[in-house]
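Once you've had a glance at the structure underneath, I'll fire off some questions.
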Amino acid sequence: MIHMLYFARLREALQTGSETLDYTPELTSVSAIVERLKGRGDAWGEVFADDQTVLVAVNQEMCDLSTAVKDGDEVAFFPPVTGG
Amino acid sequence: MIHMLYFARLREALQTGSETLDYTPELTSVSAIVERLKGRGDAWGEVFADDQTVLVAVNQEMCDLSTAVKDGDEVAFFPPVTGG
Amino acid sequence: MNQIKIQTEPFDLAAIQEELRRDNPAIGAVVTFLGQMRDINEGDRVSTMTLEHYPGMTEKALQAIVDEAGARWQLLGIRVIHRVGPLHPLDPIVLVAVASAHRGEAFQACEFVIDYLKTRAPFWKKEQTAEGERWVDARHSDDAAERRWKRS
Amino acid sequence: MNQIKIQTEPFDLAAIQEELRRDNPAIGAVVTFLGQMRDINEGDRVSTMTLEHYPGMTEKALQAIVDEAGARWQLLGIRVIHRVGPLHPLDPIVLVAVASAHRGEAFQACEFVIDYLKTRAPFWKKEQTAEGERWVDARHSDDAAERRWKRS
């Protein structure tokens, strides 16, 4: 199981803040997760389109598409941060 | 008349914080004032010796040896500042 | 020595600075950055703002930023307080206070922490204007400010 | 918009910052430098310090420094408060607070003002140590910090 989180503009566009993804052996990296989510089409296709800037954290550490994931990880997608 | 002021280490070495100097026509610049003060010898010679760093302000503006002075001016000598 | 807080309540700027400086006579300099909400952004009047964050990651990200500052400079204490939830013009949003023996280090570390926070900590601002709600876009100047600090 | 004070009484850090920031919702950033007295200098324990200044010139020098900062950066207010007379470890000595729309200008202007003040404003510190009294020597690093700001 992968614990998915979505924040801010993404959360609103996807109409969900969190979900769990069944873990399957091909989900070896962040990019594999992105491919699975894009496959859902509609808002998912738009949010993860190549021209969109989406940041990703695995287990609460900023990372990138090539980062490995494993069963039980927490993976969060969000727009560029605007705090402070 | 030139209004003289001395601060901090200089005030203590010269044992005076202020005095007035009679204005005479040759007192055209800060360096002429320094020469007259050095002529007093003792502590005055030491304080204004060439190897001493002494700052000068004429009418409360930082300046240097070449700055012109005129009758009625306020001339202050002091060591490098150490505030803040 | 360092402290990080995320909270919805207002914070007491004076109490934080006093607590940081008052018991340590080795401190010669305290530099404080206060970020407060402006009533105008991108030319539009903003009545309310809502700050969302990523609980758990926010604290970790701020801890990493503070640890990095402590490794780069000789410091005697850092405080980072960031509000979340609804905010109004003039409300303080974020405070970064840094104490050190001399001022150069305190200035550099304080600016480093806020620059990094603005690009690395998971906070998002949503503004309410007369035209409706909108998410604030990341500022390119924040990215530039943060790049200054990259080790080359 | 700007205010300069020389005083023997303690100053209220919180009140000064509040007064500077609270009525102007165009302000997005306030950067504050607080200098406080350390109990050790040049390796010796210091019990008391006395700050002498040049009344009249001090105010003019600080005004010139503040005017120069206002000409260089877009600011929304500057406060400079400097104590004189007897001081003890942990006593605040000087406060420089700068408000602006964005943080970059506030940081630069605040550091500029304190760097200039340390080399241009006529204040002198005398320390009381176990070995007796001594005048504090000017720090070469202050001159270096101030030279950074020279127009080239």
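Each chain carries a letter (A, B, C and D) given by its place in the written order, and its residues are counted from 1.
The rule is short, and it goes like this: a contact is a pair of C-beta atoms (placed from the backbone, for glycine too) under 8 Å apart; a residue touches a chain by one contact, two chains touch by 3 or more.
These numbers were taken from a predicted model, which means no experiment stands behind them.
Counting hops only between chains that touch, subunit B reaches subunit C in a minimum of 2. Common neighbours of subunit A and subunit D under the contact rule above are C. Each chain gets a centre from the mean of its Cα atoms; for subunit A and subunit B, those two points are 73 Å apart. Note on chain placement: the centre of subunit B and the centre of subunit D lie 26 Å apart, centres being C-alpha means. Each chain gets one centre point, the mean of its Cα atoms, and the points for subunit C and subunit D are 23 Å apart. Across the assembly, subunit B contributes no residue that touches 2 or more other chains. Residue positions of subunit D with contacts to 2 or more other chains are 35, 114. Per the contact rule defined earlier, chains pair up in contact as A-C, B-D, C-D. If you check the complex, the residues on subunit D that touch subunit B are 35, 51-54, 56-57, 60-61, 82, 93-94, 114, 117-126, 135-139, 142.
The touching residues of subunit A, when paired with subunit C in their complex, are 5, 7-9, 57, 60-62, 76, 78-84. Touching subunit D in their complex are the following residues of subunit C: 13-14, 17-18, 21-22, 25-40, 89-90, 101-104, 106-107, 110-111, 114, 141, 145.
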